[in-house]
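Both complexes below contain chain A, partnered by chain B and then by chain C.
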Partner chain A sequence: MINEIIRINVSSMTHTMEEIPEKYKYLGGRGLTSAIVADEVDPKTDPLGPGNKIVFAPGILSGTSAPTSGRLSVGAKSPMTGGIKEANAGGLTATRLAKLGIKALIIEGEPNHEDWYHLYVSKDKIEFIKANEHANMGLYELIGKLWEKYPKSGLVGAGIAGQRLLKNAGIFGNNPENTDPGRYAGRGGLGAVLGSKRIIAIITDDDGGQRPMPKNEELFNTGRTKMVNALKEHAITGGKAGTDEGALKNYGTNVLQNIINEAGALPTKNFRSGYFEGAKNISGEAVHELVDEMKEKFGDKSEGEYGHACHPGCIIRCSNTVPDKNGKLIVSPLEYESAWALGTNCTIDNLEDVAMLNRICNDIGIDTIDAGNALAVAMEAGKIPWGDGKAAIEFMKKGYDPNDEDGATFMHGAAVAAKTWGIDRVAVVKGQAFPAYDPRPIRGIGVTYATTTMGADHTAGYTIAPEILGSAGGADPRELNKADLSRAFQSTTAYIDQAGYCLFIAFAILDIATGMEGLEETVAGFLGKEKYDITAVGNKILKTEREFNKKAGFTKEDDRLPKFFSEEKLPPHDVTFDVTDEELDAVFEKM
Partner chain B sequence: MSIIKIHLFGKLRRLAENSGSTDDSIIELNWNENETLANLVNKRLNLSFDEIGEIFINHNPITKFNVVIPNEARVALFAKGMYLLCGGQHMKGHGFIEKRDKEVNYW
Partner chain C sequence: MNIRLKFYASLRKHLPGTEIGEEVVIEIIQGSTIKDVINSFSITEDLAKIIFINGIHKNLDYILEENDLLVIFPPIGGG
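Now for the complex of A and B:
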């Protein structure tokens, strides 16, 4: 299999292999999932019906020796937003698929049976494996059982929530050690789409596969060296775990818990304040100290770790494994977004409780951001006391019971929970809950929350290197208005998603020009092109996604934040979101 | 008496009496009229800016070292490498991490 699309039909329980069409030749990751969904899925189709398709695509560089490039994109029409969706994650599957020469795996059709299956993908065969005994099983147990039979395999799939077609179901993925199913393409309910196809897990075995080779090896290797050096050199992505150097290796993404708190922009108690007194207790620094404490106490038997890689070939290593007081793993990873959603937003500041809430999310198969917002809605509704971690854990466990109405409502995510429980105060755009940055003091991120096709999503518009923006005409990003800035960021983010690089490479190439050259040269070298126009490629992806959503019925009225953000001042800055509708509309009018 | 509170994070916590990650690592100092951030950091805390990442005064990110510290200020100093990342970068209105050569009025 080289450069092939594998098409799995769950109606006929068959598969076909297709050579990748010319029009998709230079696409990968998000670019490819969105192109296939846009070309093959009716925008008005039922997301959980026979017309929807779910697409898994490694990034262009996944499986190569380019550093930190093993991301997997998953795309479909989203049952949560009703629009096009791409969510991506680390884990093992992207590099495994890439080494088998698979550019995309498309699952389509409608099952005409009540059985559950796994899909086994290897060099020699692709087969359905009946898996009824694994239905409704917690994912920690499931991945353990699957590795007993298929060791070293990449696993992605739908957990309990996805199998029950609940809207906040994510696509889980096993971590490189198979100790946790926490590598989630979590957002938008894609797990429910896979569940609607009666597939639990996709097992990818790359035994006998080969590393994808660049067409222009010299250019690729030149770019790779530049990228590696930039990532190692930079204060954020470089350094070494356990030393004074390297913020992400020591504190993970949760380094932001204290920083955003000091910025007065940490959404607290369902977006009532930008400052949380308990933030320090659940911060990346607190995890770091706990890991050190357990290492000192239990030595190598402690399962706590920072500086952990989420996929093979990652040299940023921002992941972690959070231990309990006995040194045993609670969850991996505990990221900033999850610690915020399940902790700060619910005013829970007990680290072990927050880690346990994250573990339950991973086990039942739901996205932590929407889960945390849904928990806050449950607190608004008086179902759980604010700040009570133990009560929140018991509430979340209702999700295991298929007959528990609150559990099912909660697992549909914040928007459905608010509607069901009669709560007006819910932070969602296009049905998807807000991430961990309040848009009142950070208005630029609010513009992206409002206008991205994905629903409220912080990863849709990263503040990308000015050098990248420079390639679009040399503009200094500090001279741009919010609309132009948001569009530029969304476009370049789409490009990085397509390449398969982790978005965090953006930090390293902010201040190091050769890092930017490394990005361009690795992609161009791999594809055998002289130049790969970042902005043009990014804009094309965005246009494809916007067009899909327009046909699905979205209008500019859907590009708005909930009203309370423009009416209610957020302390400590005491500001509202005052970006006008005209400014929001300008983001895509000018593209 | 007029004072300012310096909140310390990451490796800079070592300067405070309570240096645990779940402690409030705070130094209280007298407020000096017209004192700049540079003077406070370099002279009174004996730190170089190379050791420092993000800086906030009263929850606002600071890009210029010559800013004057107001009375009763809350100054937050993060150790090197600890910056506003991801969505936080939008607060500065650009993607630069370490450059402090230009302020953006983002309000």
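Now for the complex of A and C:
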């Protein structure tokens, strides 16, 4: 197999292999998943019906020696937003697929049976394996069992929530050590799409596979060196774990907990305040200290860690493992968005409780951001007391019981939970819940939430980098004209997602010009093109996605934030979201 | 005059013994800038990357006022 598309048909339980068609030759990752979904899925189709397809595609550079490039894109029509969706994650599967020469794995059709299956993909065979005994099993147990039989395999799939077709079901992925199923392509309910095909896990084994080789080695290597140097040199992406240098290696993404709080933009108690007194207790610094403490106490026996890589070949290594008081793994990773959603947004400031809530999300197969917003909605509805971590844990465990109505409602995500429980206050765009930045004091990220094709999503156009973190020369967070900034970030992000790079390379390449050159040169060199323009290619991906959403029935009115963001002032800075509708519309109108 | 001060992440070592996010009151000379404060802690300018005065971004030349809350982060990122 080389440069192939594998098509799995769950109606006939067969597969075909196709050589990658000319029109997809220069695509990968998000570019490829979105192109295939746009070409083959009717935008009006039922996301959980026979017409939807789910596509897994490694990035263009996944499996190569380009640093931090092993990301997997998963695409389909989203059951949560009703629009197109791409979610991406680290883990093992992208590099495994790439080494098997598989550019995309498409799962399509409608099962005409009641059984559950795993899909096993290797150099010599692709087969369905009956897996009824693994249905409704917690994912920590499942990945352990699968590795006993298929050691070192990449695993992605649908957990309990996905198997029950609940809208906040993510696609889980095992981490390189197989200690946690927490490498999620979490957002938008893609786990439910896989569940509708009655597939639990996709097991990839790259034994006998080969590293994909660039067409123009010289250009690729030049770009690669520039990228490695930029990532090593930059204070955010470089440094060394356990030293003063290297923000991501030492504190992970959750270093943002304190800074967004100090900026007065940390959404607290379901977006009632921008400041949370307890933020410091669940911050990246707190995890760092806990890891050090447990290492001191238990030495190498402690499973706590920072500076962890979520996939082979990541040199940024922002991931971590949160230990309990005995040094045993609670969850890996605990990221900023998750700690915020399950902690701050519910006013829970006990680190162990927050880590445990994240573990349950990972175990039952749901996205943490929407889960945290849904928990806050449950608190609004009086089902759990605000700030009560233990009660939240008990509530979330209802998700294991297939007969528990609250558990099922919760696992549909915040929008459905709010509707079902009669709560008006819910922070969603296109049915998908907000991430960890209040858009009232930080306007650019609000423009991204409103306009991205994905539903409220920070990664789609991470303007926080200039607005708060001072990247790319900085930008005033209160400035209202943010269409250009958001568009530029959305476009570059689409390119990065297509390349298979992790979005966090952005910190280095925005500040270091040669790093940005390295991005284009590695991609162009791999593909054997002279140039592969970042903005043009990024825009094309966005247009394909936007077109799909339009045909699915989205209008300008879907590119708006919930009303309370423009009406209710957010303390401590007492600001509202004042960006005009015209400015929001300009993101795509002026593209 | 007095200002309130918080250092985060790798800068916290300059305020030994403080908890994460703990506020420290320091006395400074009237008319001091943020640059003067970081110099007094021997923190280099490239490390004082993100600076808030009362929750609003400021740069090193800002002249501090009585009871200002000065919060400094080194270069950090996430998402």
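Throughout what follows, the second predicted complex is superposed on the first by the 572 of 591 C-alpha atoms of A that agree within 3 Å, B and C clash if a C-alpha of one lies under 4 Å from a C-alpha of the other, contacts with A are read in each partner's own complex, and residues count from 1 in each chain.
We take it that a residue touches a chain if its C-beta (ideal position, glycine included) is under 8 Å from a C-beta of that chain, and two chains touch if they have at least 3 such contacts.
Computed from a predicted structure; not experimentally measured.
J.: Looking at the combined model built on chain A, do chain B and chain C fit side by side or clash?
T.: clash
J.: Classify the contacts of A:Ile442 with the two partner chains as first (chain B alone), second (chain C alone), both, or neither.
T.: Touch status of A:Ile442: first partner only.
J.: With both complexes overlaid on chain A, does A:Leu485 touch chain B (first), chain C (second), both or neither?
T.: first
J.: Looking at the overlay, what does A:Ser283 touch: chain B (first), chain C (second), both, or neither?
T.: In the superposition, A:Ser283 touches chain B and chain C alike.
J.: Between chain B (first) and chain C (second), which does A:Thr253 come into contact with in this model arrangement: first, second, both, or neither?
T.: In the superposition, A:Thr253 contacts both chain B and chain C.
J.: Look at A:Cys318 in the shared chain and tell me whether it touches chain B only, chain C only, both, or neither; answer first, second, both or neither.
T.: Once the two structures are laid over each other on A, A:Cys318 reaches chain C alone.
J.: Just to be sure I read the superposition right, which of the two partners does A:Val575 touch: chain B = first, chain C = second, or both, or neither?
T.: Only chain B; A:Val575 stays clear of chain C.
J.: Which chain A residues lie in the overlap of the chain B contact set and the chain C contact set?
T.: Looking at chain A, the two contact sets intersect at 234-236, 244-245, 247, 251, 253, 255-256, 258-259, 262-264, 280-281, 283, 285-286, 289, 336, 458-459, 462, 464-465, 469, 476-477, 507, 572-573.
J.: So in the complex, which bits of chain A are touching chain C?
T.: 234-237, 244-245, 247-248, 250-256, 258-259, 262-264, 279-281, 283-286, 289, 318, 335-337, 458-459, 462, 464-465, 468-471, 474, 476-477, 503-504, 507, 572-573
J.: Tell me, which parts of chain C touch chain A in their complex?
T.: 6, 8-10, 12-13, 19-21, 46, 49-50, 52, 55-57, 71, 73-79
J.: Spell out the residues on chain A that touch chain B in their complex, using ranges where they run on.
T.: Its residues touching chain B are 234-236, 239, 244-247, 251, 253, 255-256, 258-260, 262-265, 274-275, 280-281, 283, 285-286, 288-289, 336, 435-437, 441-445, 448, 458-459, 462-466, 469, 476-478, 485, 489, 506-507, 510-511, 572-573, 575.
J.: Taking the touch rule as given, give the residues of chain B at its contact with chain A in the complex, in rising order.
T.: Residue positions touching the partner: 7, 9-11, 20-24, 53-54, 56, 58-61, 76, 78-99, 102, 104, 106-107.
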